[in-house]
Amino acid sequence: MAGNKRPVALFRNLNAKIAALPMITTVLVVFIGCTLWTVVYSFTSSRALPMLNFVGFDQYTRLFGASRWAISIKNIAIYGCLSLVFSLVVGFVLAVLMDQKIRFENTFRTIFLYPFALSFIVTGLVWQWILNPLGIQKVVRDLGFESFNLSLLTDRNLVIYAILIAGLWQGTGLIMALMLAGLRNIDEEIWKAARVDGIPTWKTYVFIVIPMMRPVFATALVLIATGIVKLYDLVVAMTNGGPGISSEVPAKYVYDFMFGWANLGQGLAASTVMLATVLIILVPWMMLGGRPNKGKANG
Amino acid sequence: MAEAAVIHSRSSSHVEPWGARPKRMFAPANIMVYSVLIVAALYYLLPLYVMVMTSLKGMPEIRLGNIFSPPVEITFEPWVKAWSQACTGLHCEGIRTGFWNSVKITIPSTLISILIASVNGYALSNWKFKGSEVFFGILLFGAFIPYQVMLYPLVIITRELGIFGTLTGIIVIHTIFGMPILTLLFRNYFASLPPELFKAARVDGAGFWRIFLQIMLPMSLPIFVVAIILQVTGIWNDFLFGVIFAGTSNFPMTVQLNNVVNSVQGVKEYNVNMAATILTGAVPLLIYFFSGRYFVRGIAAGAVKG
Amino acid sequence: MNTNVAMNTHVGTSVSIKDLSLSFGSVNVLRKLDLDISEGEFLVLLGPSGCGKSTLLNCIAGLLDVSEGQVIIKGKNVTWAEPKDRGIGMVFQSYALYPQMSVEKNLSFGLRVAGVPKAEIAKRIARAAEILQIEPLLQRKPSALSGGQRQRVAIGRALVRDVDVFLFDEPLSNLDAKLRSELRVEIKRLHHKLGNTMIYVTHDQVEALTLADRIAVMKGGVVQQLDEPMTIYNKPRNLFVAGFIGWSAMNFISGQLAEKAGKTVFRGGDFDIALDGYQAEGPLTSGREVVLGVRPEHIQIDGQGGANLDEAHDAIVDLDEPMGPDSLVWLKVGSQQLSVRVESGKRYRPGDSVKVSFNVGKASLFDAKSEERI
């Protein structure tokens, strides 16, 4: 063994490099390569096939002039804001209630969490059925309220709220579980100290516990936010964008232009806008010290 | 204050404890807690209940009765029909084709993605090399890039490789997109093992693969269970990749279910649709109910995937 | 060379570290470190937490890539060799036994990796098990062993591989006080029996002083002093070593050197101490700013131990701390606070007036600026 020479850098630790080859390829080809490709081709007039005939910001101009995109943006904004607020609030409240040393905690947890095991397709189809005219509307009408109308799925202005209801049903359990873990991580001593000082429970939550759980809230926030951007399957299953185009969302816009209508350039421009939005959310969060690998793998 | 208390306790032989009694189960506050939790639980359970009830009714009963009432006459006809006769377009072979396609996709994707990610996570935690942290950082960042951004170039790449629309193609795609979260999971797990164990094995002369197979693997069974649960449910529930990369003959169950339920032709058979929906959700649901703790751990880790 | 070292008949250098530097990113953990360890020597690396002891040991073992410099074991440059090719065995604070393997499998793992024949493995395990008295434990899993037994097995793992150099990284720190002293004795016995070179990291002074042929005191990635235990104790090279070694902290008095009646004295504010018995290593120039270090056991109260009372100073007792065999008396000479070790027979009360005298022969003088011994 030649122990006296510094080995050639490339061959040192060679096995580890071989083991990491799939990751290196994925990072270079998919995460960097494909992303750049998309950004570059979003400035072309590609239709059915990608072509490098650059047209500047034409695709973006058309994108932001399209009413379909405007509706998509409006929908994702409504869905995003409300799902953020409700997920955090409902998740936190449920977690606090679960943390009151209640009986049947495991049963409740199982119930709140099981929707998360289901796919968005299943979620969407179930809620489509429940919100269908033969569903809750008929139940109430049969009770004697003949004029009761619950037409969430067919009302252009309300359909996004139907999707929201289904989305919250699927996802709040996870937020509750995260928050509960966060609450359990808080030192018992804090509660004892607050009790000794005579601070009311609600004040302890608002002024001591919530600030201490900032990392958990940050994690939850990023989770919900990235989930919002990816919203697609649920819409496809529940409304397929309807009635008309009133429940379209950006991810679906991208898919339809790319794979449905062979208008690549438009789809790529829309997806680039999605990427930019995510970067705007993610980069400040990363700079504030949040890291995606912090305190996740130990449950 | 303390003095007052002392005097107080001396002045009477029987001293009552100060302050309220500890809470009992049926204190007003607790009733509040339980009633809120129960109402919430009902909201979460409602869809499951409706699904099961609807799937056990005949169509006439559905049109007349309401969705909450249990079936007057229980029938398993819709289940049979959903499994073996439901139509997507012109084909009427039931949801079972999708089921077997999902099995064919899920098993190899799970195994391959876990194999690659576990070795990768091990290399990242114990055999760091120049640049390994940078690649890992970008990999994690990649988990947050919307899939839509990478879809089309991936279609081109897989088409060039001749695997677009094949089982191989969809397996590769699941391996790629499972990599960030799985690598993170394994890297963190291996990093949480005592580093001395690794050092001792190296002093004993064991190399990269031997340490992985003989020292690390036997200690990591729990994390493999978590990873398997994470991947099986994730891949089973996937829709987007399946619809694009798997090809018509390999459509996974979610895609087929959506085609069955949302197909425009014919009269809607809600009972069959709900039976098909339950069948599609059954695999992840069973995993969830039987794995309990591991599942919670898995989703806490998988949370990044969103 | 002290008597102990001479007794073990050292032939040559076993481990030699030349100009070794290591940094993690921008943090320099080891800086141009030089160390020569003789064949069969028991060297203890002693220093505060984070000074780079484990890092140095890992460099010797080949578990960390050095930034610069060389590691030479038995005359061979092994700076870039694999750990297994260096002829070293290592014992860790946390035992690091493979949890899924029985004790026997733990012991044989390295041998199996190296492809040693089965019969030879059995022979070596039997020998190691006998030396360490772990024969009845061979079939157990590590989780079924006590801390002391685990550490024996960990030592056994190095033993069976027949290595030239044993590396110990705080092997006893996880054990309770009683086990610790038992195993300490056993390690010393093992060293006598095997005669291997051993490098032993600790921050326990008792271990260092009792086990070592030589001690290397480290701080900030630099060896501050490398000497036999008693030399380190009696003649610390600098202020850091003086303050770090010793059961109760050394008294440090700042002052200047001065002339008084033709003799050099130490002037510490309110009082002078004659430096008659002090063996200086350099010139004691008058006016130099210095620090005088005296251990509590080298100060006498009221002429005990035959001190000359003519040279004594007046002092007031502050506090008395009985510590079993002796007690520590805190007192004040002028404004200077001092601690003095006395036999526990006599008690002192706060406010008592006493006379103290300094055993200057055993004191140390340091330059106030460079903090080096003079």
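Should a chain be cited, it is by its letter among A, B and C, assigned in written order, with residues numbered from 1 in that chain.
Quick note on the criterion: a contact is a pair of C-beta atoms (placed from the backbone, for glycine too) under 8 Å apart; a residue touches a chain by one contact, two chains touch by 3 or more.
Since we're looking at a predicted model, the values are computed, not measured.
J.: Sort the chain contact graph into one of these: line, ring, star, complete or other.
T.: Complete.
J.: Count the C-beta contact pairs for B-C and for A-B, then tell me which is higher.
T.: So, comparing the two chain pairs, more contacts are at A-B.
J.: Would you mind pulling out the distance in Å between where the CA atoms of chain B average out and where those of chain C do?
T.: 55
J.: Can you give the whole-Å distance between the Cα centres of chain A and chain B?
T.: It comes to 15 Å between the two C-alpha centres.
J.: Indicate the residues of chain A shared as contacts by at least two other chains.
T.: none
J.: If a residue has to touch 2 or more other chains to count, which residues of chain C qualify?
T.: Each of 82 in chain C touches at least two other chains.
J.: Quick one: which bits of chain A touch chain C in the complex? Just the residue numbers, please.
T.: Within the complex, chain A touches chain C at residues 1-7.
J.: For a test of understanding, state which residues of chain C touch chain A in their complex under the given definition.
T.: The contact residues of chain C facing chain A are 70, 76-82, 85-86.
J.: Would you mind writing out the residues of chain C in touch with chain B in their complex?
T.: Touch list, chain C to chain B: 58, 61-63, 82-84, 88-90, 92-100, 109-110, 113-114, 154, 157, 161.
J.: Looking at the complex, which residues from chain B come into contact with chain A?
T.: Going through chain B, the ones touching chain A are 25, 30, 33-34, 36-37, 40-41, 43-48, 50-51, 54, 62-63, 66-68, 116, 119-120, 122-124, 127-130, 132, 135-136, 138-154, 156-157, 175-176, 179, 183-185, 187-189, 192, 207-209, 233, 236-240, 244, 254-255, 257-258, 261-262, 270, 273-274, 277, 280-281, 284-285, 287-289, 292, 295-301, 303-304, 306.
J.: Which residues, counting only chain A, touch chain B once they are in their complex?
T.: 9, 12-13, 15-17, 19-20, 22-24, 26-27, 29-35, 37-38, 41, 50, 93-94, 97-98, 100, 102-103, 108-123, 125-130, 132, 134-136, 138-139, 142, 169, 173-174, 177-178, 181, 219, 222-223, 226-227, 229-230, 232-233, 236-237, 240, 250-251, 254-255, 258-259, 264, 267-268, 270-272, 274-275, 278, 282, 292-293, 296-299
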